[in-house]
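Once you've had a glance at the structure underneath, I'll fire off some questions.
Labels run A, B and C following the written order; every chain starts at residue 1.
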Amino acid sequence: MSARGTSVRLGLEADFWTIASGTAAAQLAFAALVWVYGQSPRAMTALVFEGTWGSAYGIGQVLFKATPLLFTGLAVHVGLRAGLFNVGAEGQLAAASLAVGVLGAHLPHGTPAIVALPLLAIVAAAAGALWAAPAAGLRARGAHEVISTILLNRVADAFIGLMLGLGLAEHGTVRTEEVVAGARLSRLDRFVHPLEGSAASTAIVIAVLFVAAILWVLPRTRRGREAELVAQNDEACRAEKIPVSRRRSEALIASGAIAGLASLGTVLGYKGYFEQGLGAGAGFAGLAVAILGRGRLVGIVFAALLFGTLAQGGLAINAYVPAEAMEVIQGVVIVVVALADARLRAWLTEKLRAIVVLKREGAS
Amino acid sequence: MSVFASIASLTMIAQTARTAVPYVLASQGGVWSERSGVVNVALEGMMLAGGLAGVAVARTHGPIAGVVAALAIGAALGAAHAAVTELGRIDAIVTGVAINIIALGGTRVVMRALYQSSSNSPSIDGFAGRGSSMVARVALDPMSFATIAAVVMTMLVLRGTRFGLRVRACGEGPLAARAAGIAVVRTRVLAVSIGGALAGLAGAALAYDEHQFQSGMSGGRGFMALAAVVLSGWRPGRAALVCVVFAALDALQGVLQGHARALQDLVQMLPFVAALVALAIFSRSGGTGGPPAGLGVHAE
Amino acid sequence: MEVALRVVAVSKRFGATVAVREGSLALEKCKIHAIVGENGAGKSTISSIAAGLVAPDTGHVEIFGAKLSPHTARAAIARGVGMVQQHFRLVDALSVLENAMLGVEPVRGFGRVDLAAARAKLDAVQRELGSSLVANARTGSLGVGDRQRLEIARVLFRDAQILLLDEPTAVLSPQEVAALYTTLRRLADAGRAVAVVTHKIDEVMEFADAVTVMRRGHVVSTREIDRAGDLHAQRRAILHDAFHDSEEASPVVARAGDESQRMLLEIEGLKSERRLQGVRLHVRAKEIVGLAGVEGNGQQELVEILAGLREATSGTVRARGPIEVVLEDRHRQGLVLAASVADNAVLGEHARFTRFFVLNVRALRAEASRRVRDGDVSPPEIDLPVAALSGGNQQKLVLARALARGVASEARVLVLAQPTRGVDIHAARQIHLRIAAAADAGAAVLVSSSDLDELRALCHRIVVIARGRIVGDARRDADGQWEEAASNERLGARMVVRGDVSIP
C-alpha cells in the first residue's frame, strides 16, 4: 500500500477513535452525574432520548441547538489550525449579533432576501473579525491570545450593555427592534412539516455547507496551508520567509469572522432580533466541537449534533437533574478527547515510522 | 456628591483594598502555577469552586472551616489540572478551559442540589462584622491579612527555599530539572496545587465579601489576575501591584453606584480595557520580562 | 582494577528501531574509558542507560556490584553516577550556584537553602576542577567552555564517583579539549571512573585508557589502549570495528580553488549586535569555503544574517545571485516535522504554486517529488510526515530544498551550517558529494562546521572565525594538499586566539 493510502487509513482510524472516546466519555459522565443526583441513568437517558432524537420536534430542536455550534466549532478549528486558541468566540458572536440585529432592523422595509442576507452575513463576519482584531494585534506583539480574547469577551458584555442602554435597544426593553422580513431565515418546519414548532431554521443548511466549503478550501490555499505549517513550527517557517505573525493574525481574524457568522442562526434564524445573552455559551462549546471534530466535516457535524443533543437533552431532564450538568459533561469531553488525541498522534507517528523502516529494509 | 469627590475619598481607598483581595490572591495562584511551567487559565474556575465550597461549608461549620474547604477544593483542582496536563501530555490551555467550563456548570449544579437555586446561595456572614465603617472592616478582615501573607510567602518561598528553587527550575528548564533528578511532574502538581488553593481562597474571599455565592461571580477576575501575572513578568510582588491597579478601576463601579447607567456600563469595561491596553504596551517592549522558558513544555 | 559500573547485556528499542542490542560494558576506577562509534551506533543510548536516564528493555546495570533498582536517574545519582549530557543540561535563568546544587540543595530550617554551605561546597569542587566560575553569575551568560565546567562541577557537587560524558568535545576547540582531558585525568587519578562518549578517534588515541566500539547497536569490541605499543595499528583496528568497511573517508574535494572564478559572495566589515565584530569574507564561484570556529564565536550570527533572520548593525553583504541557507538546527529551523515531506520540500514557496488564492496541488506535488528524487531522500514518499524519516534523510531533504532553489541562477550562493551533524556516515558522504556537485556547477558555497575533518575533506579553503572576526585561513597547495595551517593544532590555535588578527 502507498504511504498516502496508509496515512489516510490511519487518519480515519484516529478520527474514529476520537469520536468514540468523546461519545463514551459523554455517556459515562452523564451516567455518573445523574447517579450522583440520585436518579437512574437509564431512566434519564430515556428522557434525554425522548426529548431529542425520539421525536421530530426533538430532532428539530437538536438541529437548532447545533446550528451556532457548527459555526463556532469551525471558528475555533480555524484558530487551532494556526496554533491559536480563540476562546473569544463568545464575544465575537455577541458583537456580531448586536451588529446584525441593529442593521437588520434598519434596512429599508421590503429589502429582498437576496440583498439582505448576504449583506448581513458580511456585517456579521466583519463585526466578529473586528472583535478578534485587537487580540490578533496583541498576539503579533507577543501577548497570548487566550488572555486577550477572554478579556475581549468581558469587554463585549459591557459594551453591548452600554450600546443597548444608549439607545440601540427598542424603547423600554433590552433587545433590538425586529429585523426586516427579508432578513429572516425561514424556519425548517415550513419545508419539513413534522418539525412543527421546533426552532430549527435554514441556517443549519447554510452552516453545514459553509463548514464543508471552508474545510475544503483551507488546505487548498496558500494562506490555509501556511497557517498550519506556522502552527507546527514557526521558527522553520520564519527561516523560509513565511510571514509568521501575519498568518497568525489572519487566522485569528478569520476565526472571529466565522464565529460572528453564527449570529445568522441566532438572530436571523431564531429570534429575529438581538437581546443580551442570545447565543451565550456557543463560543465555549465551539472549543469542544473543534477538539472533537478534528477538522473533518463529519467530525464537526457529529460533535455539533452531540453537544446540541446534550443542550436540548438537558432541558428534557431539568426537572430531575439541572440542565447545567450538561456543561460539566462538555468539559469532561474536552479533556478526554484531548487526551485521546495526544495518544493517537503519537501512535500515528510511530506507525508511519515503522512503515518507513519496513520500506527501507525492503529496499536494501 | 461629585464623581471626583467619590473617587478621591478614603472610602475609595478602602474599597480598592477590599476589591483587590481576590485579584491579588488569584494572581499569586497564577504565579505559583506558571513559575512551575504550567499555564493556568483555570484560575477563574478555581475561584468559583473555592467560592461555593467556602460559602457552603461556612454556612454549616463557620467561616474558618469555609476557608479550609476553599483551599482544599482549589488545591484539588490545581492538582487535577497539573496531573492531567503533565501525565496526559496535553496543552494546559485545553485543560484549563475545560476546568472553567466544568466549574461554571458544576457550581450551578451543586447550588441547585443544596439550595434549590442555581443562581445564588443563601446569605452568610463571612468574617467581617456588619455595621462598622468600611475602612475598619477592610483593615480588620482576616482575608486582608491572608492576602498580604500570601504575597510575602510566595516571594520568600520561591526565592529562598529548596522547594522554590525546584519550582523555578521546573518552570525555566523542565528537561534540565529532570536530568538533575528532580521529579518534575510531582513538583509541578504541588506548585499548581498551592496556586489552586490560593485561587480557591480568592473565590472564598470574594464570596465572603459579598455575603453569598452567585453563579459566575468571579466575573473575569481570574483572567485579570492572569493578565497581571503576565504584565508583572511572572513576579509575585509586581503581580500584586498590578492587581491593585485593576482593583482600583474595578472599585470605581461601586463608588459610582447611583450615577448614570451608561457611566456604570462604561466603568465596568474599564479594568478589562486597561488590561488589554497594558498588554499592548508592555508585551513587545519586553518591559514585562519574558515568560519562564519552560512554560508549557512537558518534562518528557 | 575495581569495576565501578557494569552494564550487563542491555537492549533498548525505540519504536521500530533497536538502539542497543545486548550491550555490555565495564567501567573501572581510575580510568578514562572511551565509547566510540558513528552516529546512531547506540553509544549515547548505552551511556544514558548506564546513568539511569533510560530504562533498558532487557538487561541491567550494576553500580559497585549492586544492581541499580529502580532504574531511574535519581537512583543512579544517589549511587554516585553523574552524567554530563549533550543537551538540556543547565537552566539558563538560574545562577551558577543554583544549577550546581539543583537536586541536592543543602537546607536549614523551614526548607530554606543553606547558601553558605552550598557556596563552600562549590568552592571545594571548583578547586578540584581548577575552575573559577562566579557563583552568582547567570548561567545563560556563560560561554560554551564555562557551561561545560559547570556541568562537571554539578556532577562533582553530588560526589559522583562515576562520570559519564556524552560528546563533551563536540563544541570545544582543540586546546579546550586538551584542558578537559587534563581535568578528567585528574578526576580519574583521584579514584573516579570516567567514561567519554565520542566519535573523534584522535581523542581516544591520545587520552583514553580503554575504548569500547559500538556499531549499529552492537558492542563490537573493548580494548585497552597500549600507549607503548603500535598506536597506528590500534587506531586502524578501532576504525575497522567502528566502520567495518572504510578507513577514514576519502576527501570529496582534492584540489585548490580556482582563483580565476569571479566573486559571488563578498562580505565586508559585518557587525552584529552581540557577536560579529567586523567580518570580511569572500567566496568565489565553484569554491567551497569552510568556516571553522568554536561554537558561539559568531558563525551562527553570520549564517542568520545571510539567511535574513537577523539584521547586521553595520557592514555589507553583496551576493551576485540568490543566497540559499541551510540552518544548523534542522528540527527547529529547517523542517516542520509534523507536516508532509511535500510541504517541507517546498516550504516557503507555496506562493509560487498559487493562482487566484488557490494552490495548484498537482504542480506542488510534482515539484516536491522531483526534489525528493534528486535529493535521494528515502523512502521517496512525499505524503509521509517528515517526523517519520531518519535524521540523515531529513537533512537530505533540507539540502535538496536549498539546492533546488535558485538552480536556474548561475551565480547562486549556498550557505550551509553543520550540514552533516547527527547524520550517519553514509548519508554524510552523499551530502558532501551533492555539495561538491553544486559547487562544480558554479555555486559559491560557505560551509560552517565544528568538525575540522569534515571541512578538510570538503573544502577548497578554510577560514577561522574567533570572537566575531575572521582570524586566519588555510589553503591547499597546487597539488591539492593542505598547507600546514590546516592542521588541527594550527587551526585550533587560531580558534582560541584572543587578539585581533586580520587576514590580508
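We adopt the following convention: a residue touches a chain if its C-beta (ideal position, glycine included) is under 8 Å from a C-beta of that chain, and two chains touch if they have at least 3 such contacts.
Computed from a prediction, not measured in an experiment: that's the story for all the values here.
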Shortest path length from subunit A to subunit B (each step joins two touching chains): 1
Winner on C-beta contact pairs when B-C is weighed against A-C: A-C
Averaged-CA centre spacing for the pair subunit B and subunit A, given as whole angstrom: 29
Distance from the mean Cα position of subunit C to that of subunit B, given in whole angstrom: 46
Chain centre separation in whole Å, for subunit C relative to subunit A (CA means): 47
Residues of subunit B whose C-beta touches two or more other chains: none
Multi-partner residues of subunit A (at least 2 other chains): none
Junction residues of subunit C, two or more chains touched: none
Subunit B residues touching subunit C - in the complex, by the definition given at the top: 160-163, 165-166, 168-169, 172-173, 175-183, 292-293
Residue ranges of subunit C touching subunit B (in the complex, touch as defined): 53, 73-74, 77, 83, 85, 87-94, 98-99, 102-105, 107, 110-113, 154
Of all residues in subunit B, those that touch subunit A in their complex: 41, 84, 88-91, 93-95, 97-102, 104-106, 108-109, 112-113, 118, 219-220, 223-224, 226-227, 230, 261-262, 265-266, 268-269, 272-273, 275-276, 279-280, 283-284
Subunit B contact footprint on subunit A (complex, rising order): 33, 37, 85, 87, 134, 137-138, 141-144, 146-148, 150-155, 158-159, 161-162, 165-166, 284, 287-288, 291, 321-322, 324-328, 330-332, 334-335, 338-339, 341-342
Residues of subunit A that touch subunit C when the two form their complex: 2-4, 7, 219-223, 225-226, 228-229, 232-233, 235-242, 349-350, 352-360, 363
